[in-house]
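In the two assemblies presented below, subunit A is common to both, partnered first by subunit B and then by subunit C.
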Partner chain A sequence: MAMAVVIKDLEWKYEHTTQFALRGVNLEIPENTFLGLVGANEQGKTTLINCIKGLIPHSFNGVYRGSVEVFGQVVKDTTSLHLAREVGLVFADPEAQFTAMTVEEELVFGLENVGYDIRKIRARLEWAAEVTLIGDLLDKSPYDISGGQKQRVAIACVLAMDPRIVIMDEPTSMIDPLGKQFIFDILRKLKEAGDRTIIVVEHNIEQLAPLADQLALMRAGQILKVAPPDEFFADPDFLVEQGVYSPEVTLFTGWLRRQGRFPASAPLPRDLAGGVAAARAALDMGGRA
Partner chain B sequence: MTTTVETAPAGVRAPKMRKTLLGYIPIASPFYAYHPVTRLAMYIFFGVVPIFIDLPEINFVLLLIMLGLLRWGKVDLGRLRIYLPLIVSVAIFMFTMVLIFPGRDPSYTPVTIGPATLYYQPVFFTFASYWRLMAMLFGTILYFSTNRERDTLVALRAVRLPFIASYVIGLSIRSAGMFMEDFRTIREAEQARGLDTGAMKFSDQVKLYMMYLIPLFSIALRRADEISNALFARGYTLTGRVEGGGQRSDYILTQYRMQLKDWVWIVIFGVLFVAAAVAQYGFGAFRLIHSPLNLYLRSLLGIG
Partner chain C sequence: MSTLIEVSHLDYVYPDGTPAVFDVNLTIDKSEFIAFIGQNGSGKTTLSKCLNGLLKPTSGSVIVEGIDTRSRGVIKQLVTKVGYVFQNPDHQLFNDSVEKEIAYGPRNIGLPEAEVMARVREAAAVAGVGPDHFATHPFFLTKGLRQRVAIASILALKPHTIVVDEPTTGQDMPQSIEVMNFLQRLWKEEGHTIIIITHEMSIVARYAQRVVVLGQGRVLLDRATREAFAQPDVLKQTFVEPPQITRLGQVLNPHLPRDVLTVEEMQARFEAARKK
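Up next is the complex of A and B:
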């Protein structure tokens, strides 16, 4: 499978700091897959995605070692315009990425930058507005809408540019439960379309796990573990030590397994449907006992 | 660009005004039927023409016309109350200065009112200047009460201002709006923790305002960083050119169309503007000596 992102021995230290924020990161993300990046705060997740987007080293000063390649091109040597076409980044604070006076202007700003003509801009604008359900917000100021709407606008701005890689940095951190559901619905649609690589930094493991093809755990600037979700959650205690809580249903089924009421060979479930099936299996095993 | 009208649910009064970064504008207004360039031309006319006109009577009439336009434009005139402190404090400042420091000129005519001696010429000049300032101020109020920031940027781009320049202006307007928001947030946070500025001495209030500058500047610096990152992330380049060196499209500009009525009004404003400038600087038509009020007061005071 072709690789969307290849990171080799990446180290990064911000100017005026003593510690490296990233320490020997190696990671390969296959094309058109969904990677969930998890870990406690201040462990280097945002720094890592900034390296993939090229904000590091283009917009930050510091010590940079190793390499990041996006579709075979070295990020360090690639222009911001080219990176904008390839990699879209949704910031944790959506307001931080707004620069225009209306939502519509906000959406077309990136499209104009990458050189689309008017007809294509209109088509991309309409598509992104439809996918993110912001058609009724186009005429509004991006500062006068709710937190969830702001986040959807921020995502629409990135999707409109049709990047092959979409990165979202804690996209649900500032919004209410309904807004979170909207965001995960968008992520689900993107995943189902299967035509782009998605990288999401997120603390909401319950929602992230069912979507992710791979989960990566960061700790102290290093990637401690990269695995498909079944394998990733196999040792919940280890994850808790790293500040990451597995989905409740996974923890519950893990407990059932330790009680001998869930087959050791079966994968631990990540969502409610899997949990119900696991509970049924446990009841069956209990009945036999 | 069509005017959008938002409807409210039954039983809820529909909002008439919409917030912008710098104030409030009506949700529906006949002004929106005109291209932003026409509205900018109107602003330049009403905002600059008072500079050419010394006569307080004409500036007063201009001000009344602008109030009429505000009303026609469906602007909630009640919201203009926020400018009242500015209008009053400018008057207090100007007239206090001229009464205390009238200047020295043998041609000045003293007017004694009780124990005070005033000098007619500087007082009348200040009176005329005040109405000129007010006319200019209401020109600005009229513009920002009927135009969104987006309209300003569209107008600037439509007159072929380089994209980078219009973008910097847009970012500056945004920063001004965000600065005011941050200021309000900091004040509310202090009030929430029990600070009562009303009970403070004036000197303490001044000190407090100075202290606000520290968080405001640090927030502004952080925001500048964030905007810079956002521009990079969306592929913005200072040249305004796209990959391969071509010119960037301007989608928003295509949403607006100049109509015949726009051209008619732009020509009218342009002709009146030039006529006012020529009348004043070529023929002195609007000089204070032609003011009917001035002539009347001079005859009343026996000034030749």
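Up next is the complex of A and C:
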């Protein structure tokens, strides 16, 4: 499988700090797959995605060792303009990226900046607005809409550039449950389309798990574990020690397994349906092979 | 139980004409732990700002420990009854040292300096802010510590009721558990009434004794947490789902109970269900 991102022995220390924020990261992300990046705060998650986007080392000073390749191109030696087309990044705080007076101008800004013609701009605008359900917000000010709507506009701006890699840094941390659901619906659509590599940093493991092809756990500037969900959630107690709480159903079936009421060889379920099947079997109600 | 706050037929309309709260009736007693939940724009924050007189009712009334919040000249009394901790501690911290920050409230209400300093020491100790931090500028502290300083500056006014707006937003699980355990200690050991505004249902399930669900400015549900989460249909109106483990019990009811709040509780009650 072709690789979208290949990171080798990456180390990074911000200027004026004493400790390395990244301490030997190795990670491969296959093209058109979905990676969930999890871990406690201050472990290097945001620093790592800044290295994939190229903000590090192009916009930060510090000590850089090792390499990051995006579709075979070395990020350190690639221009920001080129990276802007390949990699889109949505910040946790959507206002951090707004500059225009209306949502439509905001969406068009990046497209005009890279010099697309008007027909291409219109097509991209319409597609991005449709995926994120913001068609009715186009003439509003980006500061005049709800937090959840702001986040959808921020995502639309990034999608409009049609990057082959989309990165979102805690896209739901600032918004309410209904707004969160919208964001996870957008992520689901992008995953189902299957034509893009998606990287999401997120504390909401319950919603993230069903979307991810792989999950990577960061701890103290390193990737401690990277695996598909079945394997990633095999040891929920280990994850708790690293500050990551598995879905409640996973924690519960982990307990059933310790009681000998869930097969040791089967992966622990993460969603409600899987949890219901496991609980039924453990209650001797049948319903599980 | 003695009543601390009595909200009757409260309407609040912002000066620009935006209506935010309609006909809210609420009685808050001593030593309660309450969660206000609902979507953004549902009136949670407006309602909580009416509780300490930051906002005055457009109609109806809010009586705090016998004081009508509409009366003139009561704000200095009200700040000693109900404290409000902002969602982002940086919106609240403005002094150049931790000590001045915590001392600001007691000084502002005109307490003698000896009393001010005694309160600073006490509030900082309760909030877990060590004296070694007193001279530090708040912005050089970690987010968790800044939040503790924000809470200490409220505690120094000794309010019976403390409202905390989204205490866990943007925090990871270990940080969320730390701040919630701290609020639980204020509730259990110090006897404060705690009101949290939050979107995290697993936090509500684990810590709050009572849930007030708001939708479009009205109270849709006001129940003990266990009863509230056992009514997923009402919660659905405001797009809130009970925790995953609660839903598991509801799917398998009557074989499992429909009002389980945490994984540990499900484990205990699962044993009982099996023995039947």
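Criterion: the second predicted complex is superposed on the first by the 284 of 289 C-alpha atoms of A that agree within 3 Å, B and C clash if a C-alpha of one lies under 4 Å from a C-alpha of the other, contacts with A are read in each partner's own complex, and residues count from 1 in each chain.
Definition applied: contacts are C-beta pairs under 8 Å (C-beta built on N, C-alpha and C of every residue); 3 or more make two chains touch, one makes a residue touch a chain.
Note that the structure is a prediction, hence the values are computed from the model and not measured.
Looking at the overlay, does A:Ala193 come into contact with subunit B only (first), subunit C only (second), both, or neither?
A:Ala193 sits against neither subunit B nor subunit C.
Using the superposition on chain A described above, determine whether A:Val74 touches subunit B (first), subunit C (second), both, or neither.
Touch status of A:Val74: no partner.
With the two complexes superposed on chain A, say which partner A:Tyr245 touches: subunit B (first), subunit C (second), both, or neither.
After superposition on chain A, A:Tyr245 lies in contact with subunit C alone.
Of subunit B and subunit C, which one touches more of subunit A's residues?
Looking at subunit A, the partner in contact with more of its residues is B.
Answer with first, second, both or neither: which of subunit B and subunit C does A:Val63 touch in the superposed model?
So A:Val63 meets neither subunit B nor subunit C here.
Now for A:Gly275: first (subunit B), second (subunit C), both, or neither, which partner does it touch?
Only subunit C; A:Gly275 stays clear of subunit B.
Quick one: classify A:Val114 as touching subunit B (first), subunit C (second), both or neither.
first
Give one of first, second, both or neither to describe whether A:Ala227 is in contact with subunit B, with subunit C, with both, or with none.
Once the two structures are laid over each other on A, A:Ala227 reaches no partner at all.
Shared contact residues on subunit A for subunit B and subunit C?
Overlap of subunit B and subunit C footprints on subunit A: empty.
Looking at the complex, which residues from subunit A come into contact with subunit B?
Spelled out, the residues of subunit A in touch with subunit B are 53-55, 58-59, 79-85, 88-89, 91, 93, 96-102, 104-105, 108-118, 121-122, 125, 139, 141, 143-144, 157, 161.
For subunit B, which residues count as touching subunit A in their complex?
Per the touch definition, subunit B meets subunit A at residues 4, 19-21, 148-150, 153, 170-171, 173-174, 177-178, 181, 223, 226-237, 242-244, 246, 248-252, 254.
Residues of subunit C touching subunit A in their complex?
Contact set of subunit C toward subunit A: 39-41, 169-175, 199, 202, 239-241, 243-245, 247-248, 251-252, 255-256, 263, 266-267, 270, 273-274.
Under the touch definition given earlier, write down the residues of subunit A that touch subunit C in their complex.
Residues in contact with subunit C: 39-41, 92, 146-148, 170, 173-181, 203, 206, 243-245, 247-249, 251-252, 255, 272, 275-276, 279-280, 282-283, 285.
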